[in-house]
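Starting off with a structure, shown below.
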Amino acid sequence: MTRVALIGSGRMGAFHGETIARRVPGARLVAVADPQPGAADALAARLGAAATTDPAAVLADPAVDAVVVAAPARFHADLVVAAAQSGTHVFCEKPMAMEVADAVRATEAARAAGVVLQVGFNRRFAADWRAARTLIDGGLGAPRTIRSLTRDPGGFDPARVAPDTIFRETLIHDVDTLRFLNPGATAVEVHAIADALVRPDWRDRGLLDTAVMTVRFDNGATGIAEACFEAAHGYDVRAEWFGPGAMLSMGSTRADGLVVHGAAGISAATVRYDQDLFRDAYTAELTAFVEAAAHGVPEPGAPSGEDATEALAIALAAARSVREGRPVRTAGVPA
Amino acid sequence: MTRVALIGSGRMGAFHGETIARRVPGARLVAVADPQPGAADALAARLGAAATTDPAAVLADPAVDAVVVAAPARFHADLVVAAAQSGTHVFCEKPMAMEVADAVRATEAARAAGVVLQVGFNRRFAADWRAARTLIDGGLGAPRTIRSLTRDPGGFDPARVAPDTIFRETLIHDVDTLRFLNPGATAVEVHAIADALVRPDWRDRGLLDTAVMTVRFDNGATGIAEACFEAAHGYDVRAEWFGPGAMLSMGSTRADGLVVHGAAGISAATVRYDQDLFRDAYTAELTAFVEAAAHGVPEPGAPSGEDATEALAIALAAARSVREGRPVRTAGVPA
Amino acid sequence: MTRVALIGSGRMGAFHGETIARRVPGARLVAVADPQPGAADALAARLGAAATTDPAAVLADPAVDAVVVAAPARFHADLVVAAAQSGTHVFCEKPMAMEVADAVRATEAARAAGVVLQVGFNRRFAADWRAARTLIDGGLGAPRTIRSLTRDPGGFDPARVAPDTIFRETLIHDVDTLRFLNPGATAVEVHAIADALVRPDWRDRGLLDTAVMTVRFDNGATGIAEACFEAAHGYDVRAEWFGPGAMLSMGSTRADGLVVHGAAGISAATVRYDQDLFRDAYTAELTAFVEAAAHGVPEPGAPSGEDATEALAIALAAARSVREGRPVRTAGVPA
Amino acid sequence: MTRVALIGSGRMGAFHGETIARRVPGARLVAVADPQPGAADALAARLGAAATTDPAAVLADPAVDAVVVAAPARFHADLVVAAAQSGTHVFCEKPMAMEVADAVRATEAARAAGVVLQVGFNRRFAADWRAARTLIDGGLGAPRTIRSLTRDPGGFDPARVAPDTIFRETLIHDVDTLRFLNPGATAVEVHAIADALVRPDWRDRGLLDTAVMTVRFDNGATGIAEACFEAAHGYDVRAEWFGPGAMLSMGSTRADGLVVHGAAGISAATVRYDQDLFRDAYTAELTAFVEAAAHGVPEPGAPSGEDATEALAIALAAARSVREGRPVRTAGVPA
């Protein structure tokens, strides 16, 4: 039984905690840490774990084997470093860092400490994406074009959106998908376009809520990533891989299999939340992490610190491309 | 160039006339006959054909090579006989007759005269059904279960629905589909349930607007046919073939490929009319007929007088099953 | 925390045990009973429960609040009675009994004891079916035609198939679906056709591996249920509800959302096992049962002893219809 | 009856000739001109038209009301000018010219002569695209992202591919689609990536067989166009429009509605040729042209000379973006 602590008890923290406590075999949620007084209490009580306001204490506790970091993004890198230094295996939500140097630092800390570091690129664990990668590894050849998109259901508060969030927190998923679906290739150039189209009233304050980026890889493939903070139809995540022998499409907007035919034609429900769409993927990524922590060896293909670093580098190059109005070269590592 | 006359200028007659005049290569529509004074005039003028109130004159005209019979169903059998006796190739809308004896008589007249007789089971010419049959002929084995259904878009006038219309005019299509998808097999027993569910206020006057029938074939397959005179979503014709190596599904309710994702979920348009859904199938069946007429030889697999007779026999057995509340045996011919 | 025991450690028992132990909030699996010596040991050990060969001891144990019966079907009714008499809430896999009298006896025992009795008609808890029922309850009117089908993936041993298994164990699911989708209506007549089409070499020994049944309801609706013990494409469970304002289709053959376009066209994977297709439904039905057991009140709409009795009566009427070659009237209870 | 001549008897010319002769109401194909001796003979004979090697004679013939230009692209602009000067309404296949100046010249000639000029952007007439535009015009707001793609079935001869063909002849369709789905907006900047990925052995000779371009519009929308000269699965043309209230997806890879479920899962056929996928769209565009020619007034929304000029300007900007490795600004006209 792997004893897991959770740092961060917000929306995603609560969900990860519940996943660890209820859906991951071989795991036990032992503690929930949130520096905000009282924040962790209800969640911890509900899941049968201890609550604390001190993440450091959790990491120092020898009864904690592994930690899930779901704090705000700006604390991620330091928490990964701290976990590594305490010898605790660490799962970190994306983005693993706000800047590339911090991502490198976190990755190196984990490597030096010999702990497992896995990053929350959950799509790698979603059935469609995983099956696509299996086909690709089976010999479909190098892709020509790859598309990945993320459309969030909306309802965001523009006042709370930090600069470049669409690149750092949203498109970083799609960048990882482009890399995941193009194994062995390295991104060499990025071009991006972004604007405030959902909330044009915030354009002057620098909001970017809609973005398209293209990524040129060294094997000739072009990746296209699209994101928007609002979609009327809900949470829309899909991908398409097009290569010499096949075209693969991943993801669906369907919430369930019910189709209604009525006077107005056909209708069906769409997925509205990430935790609905990727429920099984979230369970699978944490199950893989707990397995890896139990054996001290990362699962092959699980997103590593290097993956997180490279995805961040590409995402930030896109942000720079928007600012400078030109393609930006990247000098990354192979996927 | 095959010179074709049309008998009957109602909804389906007008459509067949337009198909012959505009969409069938090698055909020319030369005459439109409708006994009702003036009925054929506008259609004939629009399609560049002569109008007449005398079907017999059309059949007697040596400049007419072939005739399309789209008169009311009760005149079909006699018109086929008359066409045969005048040496005119004849395409007859379904049902070819109201009673089996008349269907036999019409079939024999055509055979004796050596004219091509093709019946309007248009689904045999629809892409999905045709492709399914090709696969079946390629060796899928005997079916276990076959389903065929017809749902009309509604708006019928119950006062104008003759008894057993749902069997004789609607389900006869599905019966032919069951046979088409079970080549070589013979129906041995029929059971049916029918009621006035769209217009229960007409139940007492004998209306049957919704029906389900099962057909047992001598190779063990069970056919299921469903029909209803009204569907809120439009014109719904589909089929499913299930056998040892495969399950084939035919037909779609989609009007086009546009999918709308909005706040209410996914929506798409449905097909509303037979002439939209089966436009290409109507053209294909008349093209096959015109080809057959040109060479004096029926196209293999095109619905023959024997097919029309057998489908009618099965449909009428279903009507009898409803009246008698028991399965009815049939002693038919192989499909 | 509801303490649950499991009786029966076969394929479905093991799955239910795992569901209780890992996926149902508020439940703890405390014991696994299987009369066959050693049969329960590995499962119990894996799930952290006690193993026993004595179901009676489990029921007598005051530390057991509720029991899941997944023994062979012929023991179901007596186990339900025993559970009731011991004051233990009971979830029983379908069929709840082999004969209607036993189903009545089991239902009455539970009622007399005041324990919750829920039967394993898991489709009522599957997302599509549940959403369809919600729409129906919202006022879609009485159905005209309902279809439900079950195609198993095959690999059965005909020597181990008891007579009428296709009705008692397979189609009973579809019969329950027909009732679930036609709330308030009562079946009045059943007609069925069945044969050995998968294994015709066993026809002489009475095997029925493929069946179609129609059910006439007192509100005019006709239900159609189809089943086959083998489908090349896997586990195929779907349903269609057609009424005045809408047509609803439930179920999908898709295993995931990945679509492959290649030189041979489009391809996609199909579902192969019930425990894959209905994984969430199995969890939902046991979650509902554990909730009901905790409060001593069945969840509204959960399948009751009466539902199990009526579904069995209809399924057995279908078996009789096959033997007697005629429709069989039923005098059941409203859905 | 509009008398139509055809110039060019190659693959597309033959298809347009057949469409005019057989599927466009109110049109008669009177002549087929192809400068190559004998080239037009068989086609003209088959379609009942006169054959000639002299396009000028056709244009000079007062018995010709309208002309369909399907000659090689490098002759298009001059043929449009010649048609205009002879007072003949002209339908010109895309691209209308090789360079923007020629496109302007052709457009002005038609305007000066008062003849109808329509360009072969057939997707504007395809059901899905047309229905999408109707919804957009009905008030869906400005798009945020639009995607259009074209994948040809392959089999091209790299030796016969002129430079920039993928932009001038393929992506020009997608550029027109982006404009069609963003009415009133003007492209302001183009960025493109292209390579020889199908035939990397031709990279050194400048072949570009795969390309991705992004188009920034003045209303904030970003268009994404993708093209490849080869797709294993056939002819793949789809589009997606994403705006504030809805996401619309257009196009399908399905050849028909038949779905096969077998041991390997689900399979279905894909479209293989443009003339299969867009058969109805080709008929609709020529029907619109013939109607326009009959009345001397272009159909609203039909692709004009201005549309052809602007699409060419954007496509050539993309080609320049590839050469210069940077975004290229365009100063176009509103869609």
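Letters A, B, C and D mark the chains in the order given here, with residues in each chain numbered from 1 onward.
In this text, a contact is a pair of C-beta atoms (placed from the backbone, for glycine too) under 8 Å apart; a residue touches a chain by one contact, two chains touch by 3 or more.
Note that this is a predicted model, so its numbers are computed, not measured.
Trainee: Name, by label, each chain that touches both members of the pair chain C and chain D.
Mentor: Shared contacts of chain C and chain D: A, B.
Trainee: Could you quickly compare A-B and A-C and let me know which has more C-beta contacts?
Mentor: Counting C-beta pairs in contact for A-B and A-C gives the edge to A-C.
Trainee: Determine, using the mean of C-alpha atoms as each chain's centre, which chain is farthest from chain C.
Mentor: The chain farthest from chain C, judged by C-alpha centres, is D.
Trainee: Report the inter-chain centroid distance for chain A and chain C in whole angstrom, where each centroid is the mean of the CA atoms.
Mentor: Distance between chain centres, rounded to whole Å: 39 Å.
Trainee: Go ahead and note the Å separation of the Cα centroids belonging to chain A and chain B.
Mentor: About 56 Å separates the centre of chain A from that of chain B.
Trainee: Chain D: which residues touch two or more other chains?
Mentor: Residue numbers touching two or more other chains: 231-233, 236, 245-247, 261-263, 269.
Trainee: Name the graph shape formed by the protein chains and their touching pairs; answer line, ring, star, complete or other.
Mentor: complete
Trainee: Tell me, which parts of chain A touch chain D in their complex?
Mentor: 142, 144-145, 151, 191, 193, 195, 197-198, 200, 210, 212, 214, 216, 220-222, 224, 226, 228, 230-233, 236, 242, 244-247, 325-327
Trainee: Within their complex, state which residues of chain C touch chain A.
Mentor: Where chain C meets chain A, its residues are 22-23, 25, 127-128, 131-132, 135, 245-252, 255-263, 269.
Trainee: Of all residues in chain B, which touch chain A in the complex?
Mentor: Touch list, chain B to chain A: 231-233, 236, 253-255, 261-270.
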